[in-house]
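Alright, structures below, take your time with them.
Two complexes come next, and they have one chain in common, chain A, joined by chain B in the first and chain C in the second.
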Partner chain A sequence: MADALFLAISVLTIGSAIAALEMRSLVYGSIALMGTLGGVAGFYVMLDSPFVAMFQLAVYVGSIAVLILFTVMLVKRELIFKKIEDPKRKFAGIGLMLIVILALGAIIMDSGIKSISTDSDPVDFREIGGDFLTYYWPALVLMALILAGSVMGALVLARREDTVENEQRTD
Partner chain B sequence: MSNELIEFVLVSIALLGIGIYGLAVKRNAIRMLFAVEIIVNAANLNLVAFARFMPHSGGQTLALFSIAIAAAEVAVGLALIIVAYRMYKNIDIADFRSLKG
Partner chain C sequence: MSVIAPKFRLGYFLKGIFDNAFWILTIVTLAGIPLIQIVLFYMDLPVIDGELLTAFLAFTWLFNPTMQIPLIKSLLYSDLFRIAAFPGFGFAALIAAATIFVERKMLAKLQLRVGPFYCGKIEGLLQLAGDGLKLISKEIIIPAKADKPLFWAAPVLFVGTAAAFVALIPVAPGGWVVADLDVGLLAVFAVIGFFPIITILSAWSANSKFPFIGGIRALHQMVSFEIPLILSLLGVVILTGTLNLSEIVESQSNFPWIIFMPIGAIVFFTAMLAELERIPFDLPEAESEIVAGWLTEFSGMMYGLVQLGSYLKLYAFAALFVIIFLGGWTGPMFWPPLDTELIMEGTPIPNFKGDPVLTVHAPGLPLFDKDPNEWVLQEQGELQYTSGQLLINGVIWFVLKTVAVIFFILLPRGVFPRIRIDMLLHIGWYKLIGLAFVNIFIALGLVYAGVLGPGGIM
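Up next is the complex of A and B:
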């Protein structure tokens, strides 16, 4: 049975995921998203995977959340506080969410993984480092190239053209 | 290990459902990106949970790759949102139907 720490982290994770989508202000929404990502990092610690938890904190809570916050700041003030959604689709969306959760939950509860628990030792993180440098090294090189390429692509996309700047100055 | 696999999987399913709700209902481009992030995190949680109960190091390795690729995806997605915002002065995806400016 779940212990108190697990319950606390799951309430934090799921509650702040709902808050991230439903809060009126996008700034508070992105701070709530940080709560979700931090809660998932807490789950990783509970699953004896400190290396993944550290990576999650550094990449998600540290950089992605800050990136989202700065993007939100670039947007006009009215748009940050305006809720853009179709009221008709809201009920359809809640229905879809319930169908997904109930159907997948029923399938999972019906399957054999309900009774799986383990007493074995967790995987040592040195083993992950070894995997990265031996079996997965082509994927690691490819991932580095993809990261460099996508960061350069993002910079090129977000670059402000001089003509646009001049037009805005004259406005 | 005091917790069972099923508990982590149920939390992951709840996060997936919330993410699907966000993608279906919201028309704000930044909020849709939030929903995508929540879904990616649900998938990563599943990977690490199954890897712990196998036990096998492959799940953690794949989760690390997934986190790194998600960082790239968010950077490009936010840059696209900024470009579209400059064109339309709005972040409603209903306005982005024809990305011609």
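Up next is the complex of A and C:
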């Protein structure tokens, strides 16, 4: 059962990743990208970490894919993109992918991990939260500062003084 | 001369009936019975009274009064019943239908109209059924240059996502929920995140101006109000220390969280109105500006499915508000405390000689109790109730609270005008997010001051 599920999710993830690259229509390509990200969430569920899976769905499928879709819909693609049909590049990309996969596979085979025990308890997300708030608090504070800084920077960049509009507003 | 059936002959009529009966019998024999057998082969059949339930046994027991209750009980506690009927789709669709009826009549009364009046004689009770029949029987028109696969898929995906949201809502104590997840609240956020995608995809696929404008507006609105929606619920998560919705309800057995975080409740309610595209935030469907917004090109049952999905979503959001802030199914017991003996063994009724001939059980209880010997101790006093009593009591409180919240969601439609898009985004990004952070700091203050903590009053 788990093997069949794993195979199905793998086919979904890899297939929609290939579709995301190869589709002519940009909107369908971004839908296929959503399929890939959702498949990754499925892997997280299979690996007993529903917390990460739900964040994957909420953040990647729910927000980032929406932003990509939004951008794609507002772009006139004929004006920006030129079709480049180059079989050499395609074969080079496939070759690079095969090399990377073989190298990673060799490393994993070499590491001596033959089997994975599935009986161990999943990591409780409360423990992760507790660790973040106690032992790893400097990392948490650093992350919060970086995020706050980037949000403020984005707000400063996006700020626009529309004096005319502001005068017209009544509220 | 116009008559209904100009060439009516009894012979043709009988021949039609016999033809239909012949074909129905043939198809059922060739396809239906093998299909039923294949389905039965893969189904897990329950064991009732030590006997494995087969289809033949089920048909036999249907007409045996002593076996009917165990049969219905085994159905009542199956997964299929949960998904299709009680805490799942059927229950939510019933509440959604009631919501549509109440919305029409209440808005009409607010605006000194009568509303639907003629169908069903009593206050237009059957108007909803009439509208449903109309939507089913209407032709589905698809725009010529629409993106057909996406256009077909959008209403179905919308209803499916709304049903997934409904599946996460616990309705009564004792695990009456379709999917009881450990990370239920996060799953709710993940499901809510799918609505803008479906909206914008359906708007784009119609290849028409009004739907696209409506879809872009819906995307702006939903994405910007999702953030205060999520932040306003984090205060409750900090205080309860869990993400499981059932545990959040159980943590409110003494007091609902709205007492301690009214700001969070107000922020959540406002963000909820925006997510549901209700007035005053109904810019995506603004019928006086852009025909029907992103629903413009939908016709027939596709429109009906989108409407069904949006009312299921309304129910689910109202139920989420009840679960997080109003204490879900918790409330005083309606039941008088009955004797243990009375429920477990029933009251023997003697005949004129004094011999007990008949045993009467407490009404309704044998049906709703999973196991009559299973007793649940209530904390208030030393009273004991069965799981059936707790179920009925919980459902009554839950429905009462949910209906009250739905009423407050409907009310602004008769009162407020639509607001401008810049005011909407201003409310979302400046005011609501700020208030949500105030709410989180109130929760943190309560925890660090030692007043409240995970699990209730310390």
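Note that the second predicted complex is superposed on the first by the 135 of 171 C-alpha atoms of A that agree within 3 Å, B and C clash if a C-alpha of one lies under 4 Å from a C-alpha of the other, contacts with A are read in each partner's own complex, and residues count from 1 in each chain.
Assume a contact is a pair of C-beta atoms (placed from the backbone, for glycine too) under 8 Å apart; a residue touches a chain by one contact, two chains touch by 3 or more.
As the structure is a prediction and not an experimental result, all values here were calculated from the model.
Undergrad: For A:Phe55 in the superposed arrangement: first (chain B), second (chain C), both or neither?
TA: both
Undergrad: Quick check on the superposed pair: does A:Ile113 touch chain B, chain C, both, or neither? Answer first, second, both or neither.
TA: Once the two structures are laid over each other on A, A:Ile113 reaches chain B alone.
Undergrad: For A:Ser63, using the defined touch cut-off, is the partner it touches chain B, chain C, both, or neither? Pick first, second, both or neither.
TA: After superposition on chain A, A:Ser63 lies in contact with both partners, chain B and chain C.
Undergrad: After superposition on the shared chain, which partner residues are touched by A:Leu98: those of chain B (first), chain C (second), both, or neither?
TA: After superposition on chain A, A:Leu98 lies in contact with chain B alone.
Undergrad: Have a look at where A:Ile18 lands relative to chain B and chain C in the superposition and call it first, second, both or neither.
TA: first
Undergrad: Let me test your reading of the model: by the given contact rule, A:Ala8 touches which partner, first (chain B), second (chain C), both or neither?
TA: neither
Undergrad: Determine, for the superposed model, which of the two partners chain B and chain C contacts more residues of chain A.
TA: B
Undergrad: With the two structures laid over each other on chain A, which partner does A:Lys90 touch: chain B (first), chain C (second), both, or neither?
TA: Only chain B is touched by A:Lys90; chain C is not.
Undergrad: Figure out whether A:Val141 sits in contact with chain B (first) or chain C (second), or with both, or with neither.
TA: It touches nothing on chain B or chain C.
Undergrad: Pick one for A:Leu133: touches chain B only (first), chain C only (second), both, or neither.
TA: A:Leu133 contacts neither chain B nor chain C.
Undergrad: Would you mind listing the overlap between the chain B footprint and the chain C footprint on chain A?
TA: On chain A, the overlap between the chain B and chain C contacts is residues 51, 55, 63, 125.
Undergrad: Under the stated contact criterion, what part of chain C meets chain A in this complex?
TA: 147, 150, 181-183, 186-187, 189-190, 192-194, 196-197, 200-201, 204, 219, 223, 226, 241, 243, 422-423, 426
Undergrad: Residue numbers of chain A touching chain B in their complex, please.
TA: So the residues of chain A in touch with chain B come to 2-3, 6, 10, 13-14, 17-18, 20-21, 26, 29-30, 33, 36-37, 40, 43-44, 46-49, 51-52, 55-56, 59-60, 63-64, 67-68, 71-72, 74-76, 79, 83-86, 89-90, 92-94, 96-98, 100-101, 104-105, 108-109, 113-123, 125, 127-128, 131-132, 136, 139, 143, 146-147, 150-151, 153-155, 157-158, 160, 164.
Undergrad: Considering the complex alone, what residue numbers of chain A touch chain C?
TA: Touch list, chain A to chain C: 27, 31, 34, 50-51, 54-55, 57-58, 61-63, 65-66, 69-70, 73, 125-126, 169, 171.
Undergrad: Could you please specify the touching residues of chain B with respect to chain A in the complex?
TA: 1-11, 13-22, 24-28, 30-31, 33-35, 37-38, 41, 44-45, 48-49, 51-53, 55-58, 60-61, 63-65, 67-76, 78-83, 85-86, 89-92
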